[in-house]
């Protein structure tokens, strides 16, 4: 499947006293990229909740910090699906700056019922994209 | 009315690249103090939503930054009601370190219907506190 | 002076349990707009720190919350200078969605020495923009 | 080694539109517990930077989200060292509510020179604790 890239600028809000991006905030950047990847196929998550009663939740995260991002950096955040089950998706994501990789992650997402928060099959409208992406 | 004080420790998450607490984060500290002030009277906001269908929302903020708070500081955050209407409350709040005031604010809160988000009278259980506090 | 507009998308990270943007996070959006306004004139804040030894800090904030922004909203954040002194700038900022104003603010910025954190004149490279903007 | 427990209250700032704690924020709670664990031995990180020129940085994170934490929850955040090398420490951390585990993590920390950000041996003052804890 092809790789999606979303640009993210580092602002003061993202940094900490150590002069670098605070370690939890890379997860914000990665979620922005996953959201924009879905949007690039015309899928809006507020519509998924309203019309399909589906919400995506993160089940697990593996994250390696290789080099720090700094204030004012322009980062490239990638999102690529590496596995897709009935009610879960595994993303491989990376954050880089000028071609240098700063951070790598594997993030498992579950498809849940927006009300009961129990597992619920990935909606067809999303499934279709995943199949097309694979071909 | 008496002044309520809530201690807040500054962690990395609160600071920015300038080596000080990020300017928006003082508002988080102030909300913690308002929440704990309510809790000190036995009022839990999740219960207010569930049983009184009331949610508190911030309507306006006036904030003066006098001196910066730094990583690892132990701060004292105050909350004091200075005015109370039918569906709104005005708090005067301050943040200090070792008796030195760092930040001062006046924060106006509205009482809203948790579903329609329209103004709704302050619940009696809260009103009672405000009256007792005044006496 | 002319008004600068910066688009901001609302992600999960920006929202709270009330289903709306958390009240402190509007200040993050406003700082992004001020940063991008400076960048639109070719001024990078990390360069200002390194070459001019100047850092900008917020001195005061007045903020009115009119209507809430929600998850997935695409917002327009404005930044306009309304006053400029020797070592301070006052911005008028607004956040709107589809032409409807959600939030308005007046934000006073101080120009500080990046090391001593004492007031320091606004660097000429920034002053020049402010004068041109006025004309 | 013994397990350290730090209580964390969930405020609005920690939650998102899904009605639960935002997935990146559990990492903030875990860092608070690591910081307080160090402080329980009399070690202040700002002193480590100033006197030992050492800063701790996160190298990797493995995180499993089992159940969501909600607004107003009182959580218990644990921190326990499971491995300690010359310039790195591995923590096992958990977040629970009323004895029910919500989130589990393994977090690898590196000891770095506060200026060059290159690996630097864990300071003796910290090493001593780790050895005593093991016995």
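By letter and in written order, the chains are A, B, C and D; residue numbering begins at 1 in each of them.
Definition applied: a contact is a pair of C-beta atoms (placed from the backbone, for glycine too) under 8 Å apart; a residue touches a chain by one contact, two chains touch by 3 or more.
Note that this is a predicted model, so its numbers are computed, not measured.
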For the chain pairs B-C and C-D, which is connected through the larger number of C-beta pairs in contact?
-> B-C
At the largest C-alpha centroid distance from chain A we find chain B
Distance between the CA centroids of chain A and chain C (whole Å) is 28
Distance between the CA centroids of chain B and chain C (whole Å) is 24
Whole-Å distance, C-alpha centre of chain C to that of chain D, is 33
At which residue positions does chain C touch at least two other chains?
-> 12-13, 18, 24, 28, 31, 70-71
In the complex, the residues of chain B that touch chain C are 18, 23-25, 27-28, 31, 55, 57-65, 68, 117
Across the complex, what residues on chain A touch chain B?
-> 12-13, 15-19, 22, 24, 70-71
List of chain D residues in touch with chain B within their complex | 9, 11-13, 28, 31-32, 35, 44-46, 70-72
